[in-house]
Amino acid sequence: MQIQRRVEQPIMLPIKKIIEDNKDFKTFVFEGQLGAKPGQFIMLWIPRVNMKPFSISNQTEDEFHITVMKVGEFTAKLFELKVGELLGIQGPYGRPFSFKAHGENVAIVGGGCGIAPVNFLIYDAISKGKQVYFIGGCRNKDLFIKADEIKSLPVETSFVTDDGSYGEKGFTTDALKRLLEKEKIDQIFACGPEKMLVAIGKIALERGIPCQISMERYMKCGFGVCGQCCVDDTGLRVCHEGPVFEARTLLDLKEFGAYKRDGSGTKQKI
Amino acid sequence: MANLSLTFLGAKIKNPIVLASGILGVTKASLANVVKNGAGAVTIKSISKDKRKGHNNPIIITFETGMMNAVGYSNPGIDAAKEEFANLNEVGAPVFASIIGTAPEDFAYMAENFLSDEYAAVEVPLSCPHTPGFGTLAGQGTPEAIFNITKAIKEKTDLPIIIKLSPNSQNLGEVAKAAESAGASAINMGNTHGPGMVINLETRKPILDFKVGGVSGPAIRPITVRCIYDVYKAVKIPIIGTGGVNTGRDAIEMMMAGASMVGVGTAVYYRGISVFKQICDEMKEWMEGAGVKSVEEIIGAAHE
Amino acid sequence: MANLSLTFLGAKIKNPIVLASGILGVTKASLANVVKNGAGAVTIKSISKDKRKGHNNPIIITFETGMMNAVGYSNPGIDAAKEEFANLNEVGAPVFASIIGTAPEDFAYMAENFLSDEYAAVEVPLSCPHTPGFGTLAGQGTPEAIFNITKAIKEKTDLPIIIKLSPNSQNLGEVAKAAESAGASAINMGNTHGPGMVINLETRKPILDFKVGGVSGPAIRPITVRCIYDVYKAVKIPIIGTGGVNTGRDAIEMMMAGASMVGVGTAVYYRGISVFKQICDEMKEWMEGAGVKSVEEIIGAAHE
Amino acid sequence: MQIQRRVEQPIMLPIKKIIEDNKDFKTFVFEGQLGAKPGQFIMLWIPRVNMKPFSISNQTEDEFHITVMKVGEFTAKLFELKVGELLGIQGPYGRPFSFKAHGENVAIVGGGCGIAPVNFLIYDAISKGKQVYFIGGCRNKDLFIKADEIKSLPVETSFVTDDGSYGEKGFTTDALKRLLEKEKIDQIFACGPEKMLVAIGKIALERGIPCQISMERYMKCGFGVCGQCCVDDTGLRVCHEGPVFEARTLLDLKEFGAYKRDGSGTKQKI
């Protein structure tokens, strides 16, 4: 079933399956072909509650996944829902990750929640014949998502945790640097906490390796109208020109890694 | 060469297309980006004294022929907004402030404490159809309320005042005259229409979290044109025509009905952020074909 | 099998889709043709005491998202119309009369002299936005006027009275209640929106000969839905929801907002005269998918 | 230039040429490819005056014609206009004439004003390789239009006038009967005064010859919405299911040849 959208309104789909990734993460599976690309997101509507952005964490011929971390009111409500209940799906939106035509070796870095969108990217890279080096990082073992799934794929993996409870002790940046010394990497992709993204972007830029980074900002419309997600000083819309940007574009931003705005437009330190 | 520049409220403006309030107007950087994409002037998102969260999401949906929104005036409040909208010369074109409040005193307070002469003018929407306490839901659209609020602002600022009206006003002429006689320098005609409602069939529920929302985009253009036509007949002050403009043709139609400038918001959705430049190019093309040298020639032409 | 039939004002009707007044309603033969094409009921074009030529042509144009008309109530007057609309059983479905006038006495006269029990009901549009002397241009849309006109008709006929409202009414709830308390049996929500205006750029002139016209079709649907929702909250009498319905989905949306029947006019332009059958088929399909057995189940469902 | 129409609004075109056919008739020529078929009509707008239906009387690659008889206010106003002035064109509308796939010999009958639309049909028939037998009728010589033009075409012509001032004395029906005795006619097309059309339709029906007839009714919208042009007892819209109908459809109508309605819907005898 091809999911068709003519207007910016949610399409109602029943939850087909719920995977409990760990105590804070659940993956919600829906039926249908969304036609999304890795890095894109949907707006998810819990009727009469709220609507929030979530990345596509996987997509097959007839299914798509989102992987959600419970952090507040909306995600808590979402975690109460059962298989069969209806959710509104709007999208996909945003600029996806894109592979350079030439370049066999790609490094994909996911930190914490950021593993969700890059999970989809890994599948896509494999299907395009890329050699994938995946680096996954989390605070500790319990927070990891998709680790076993990714390990089972034809991918070189390295995992790091802040406390060493899973993989090596350390940060994704350390792992990336080690990788870049060992292998000729043609392109880097990253998603995760913004401070990590700044560091990864710098590593890539210093070495002249093309790098695409997915970032998050508070989103309302999701399709480029309200202006809530615009970043300083370019005014680019994260929902529309992003969420995936070239690392250079982001590092040039005044606010990247420094501050963001909440739903009222008030600035908050990162 | 067709000339799109004009003088509006004493300011020289490079073209008559102005970004409407509430679209891409949350940050100064976004306004500058809109100017880079061709707008002659820009309007900030409406600001209230206190920080407002606005309505829950969805706040904007589209339907087959237009858009509906119930943003609910989310904004960071006066202090954060003053910081956000400082050094407005960096925007690259005239910036119109937009202030809201629930009583005349609020507007006076905003005029006194928020405005600065960095703005080219202050716009005052008394016409939002979907935010309790504000606009038509609070009776701000009557001739009396408009008169009182305009007066209260006038006492606190020397900036030209633009009163933004609702297309629902039963007697638009009277309403526009109330603004003019209280000292407004221009009318923005107008705000969103309706409100409307779209129901999701599966859940049997309205989609917008506020249930209803103001209608904008192509659906509302002919009614906006008629409203401009009516206001032009009633007052001498200039008009910003806003509502449903998507193309250069539409902008010229608004000007023939009586608009001096043309507000553009929802078209960003339909044609991308470069819509401002696209509209200007289309206007120039039409003017050249029709032998119109200056865009000022066609203002109100449909009344002759 | 999904069941579209329902009881409306005491009559058993095979489906909730009714031809709106003014579209294909000039002759009895045309009404019968519309019934053949699937309508559950039909409304005649509005009739006045005296013959009316109406406005000059163009009386109907379309724009990108809808239609605009200023027909100006052309009709052959009471005597010719009585002759035209005799033996209404030949139409094959319930027929609603539609009567207009400039004062309560005119309506009373029409009720007394034009109506017959061949009609299932009489509809009274107090809401036309583009005919001087009638509707909103004559102040017929206020609660007082509605009360007085409804009363005057009620004294002269036993037919159920359907009062057709304007979406522009500032307080729809009050307006609908005025009709209800004066004895109306149903509300038609509603008439065309605006009015609007479309200007021809080359000639710099409005295209409709009356310059402005009522807006119908897809552009107005969300506002109509909200109006129905508001009226449903205010009154107990049933509602005909009219304005912008193009598909079965749209009709179901209107019913969820509170409509018992759904008026269809402009959709004839977009989907051809078989649109009545098409809409019914689409409604059935949706109902079967959603497990809705009778269409009466969904009336007002969005309010729960 | 292809004339494109997205909405039902007039497109403004300058009058390119005006041909004075005779004292009552003028042909107005416009530039552009309208994409009309014979039998179709346009709504013609004189800005801020009125808008009325007129048949396309000819069409070439880059021109189209309408041929107008001065009969009242609108047509009088039209006759005052000069080359270069702008008129609004809306359409083409309506069901056109159509040829049967097989059938070489076609009779085309035009009475008075009805010669205008069939003029275009004659050109079309010739281009499709039909053998055309044209019968033109008028009250007298001075009222004839297009006679010389049609005579110059590869067409068998016969002309009749009520008073014999041009061609033979008599009616088109007489000429048609004579033709049908002489030749095997496969299809008949007719346009003209309604009483004539009734007679022609009957002749065709009696002889079992397919026959298409173009009729006129008071039109407002021209595109099937207002209902002003609906005929008794079928309710068919002349602007939409017509103006060209099969003769049988018309002869079955209660009102064909008997009455019509004016702009208010009031019946008038024919």
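Of note:
All chains are identified by letter, namely A, B, C and D, in their written order; residue positions are counted from 1 within each chain.
Operating definition for what follows: a contact is a pair of C-beta atoms (placed from the backbone, for glycine too) under 8 Å apart; a residue touches a chain by one contact, two chains touch by 3 or more.
Because the structure is predicted, anything quoted here is derived from the model rather than measured.
Within the contact network of the assembly, the step distance from subunit A to subunit D comes to 3. With centres taken as mean Cα positions, subunit D sits 51 Å from subunit B. Per-chain Cα centroids separate subunit B from subunit C by 34 Å.
With centres set at the average Cα position, the gap from subunit C to subunit D is 36 Å. Looking at subunit B, one finds that residues 63-64, 198, 202, 205 touch two or more other chains. If each chain is drawn as a node and touching chains are joined, the picture is a simple open line. Across the whole structure, chains are in contact as follows: A-B, B-C, C-D. By the touch rule above, subunit D contacts subunit C in their complex via residues 6-10, 12, 43, 45, 47-52, 86, 88, 90, 220-221, 223-228, 230-237, 261, 263-267.
Residues of subunit B that touch subunit A in their complex: 22-27, 29-34, 45, 51-54, 56-64, 67, 71, 74-77, 80-81, 84, 198, 200, 202-203, 205, 207, 209, 266, 268-269, 273.
In the complex of the two chains, the subunit B residues touching subunit C come out as 63-66, 68, 168, 170, 193-199, 201-202, 204-206, 211-212, 215, 218-223, 225-226, 229, 249, 252-253, 256-257, 286, 290, 298, 301-302, 304.
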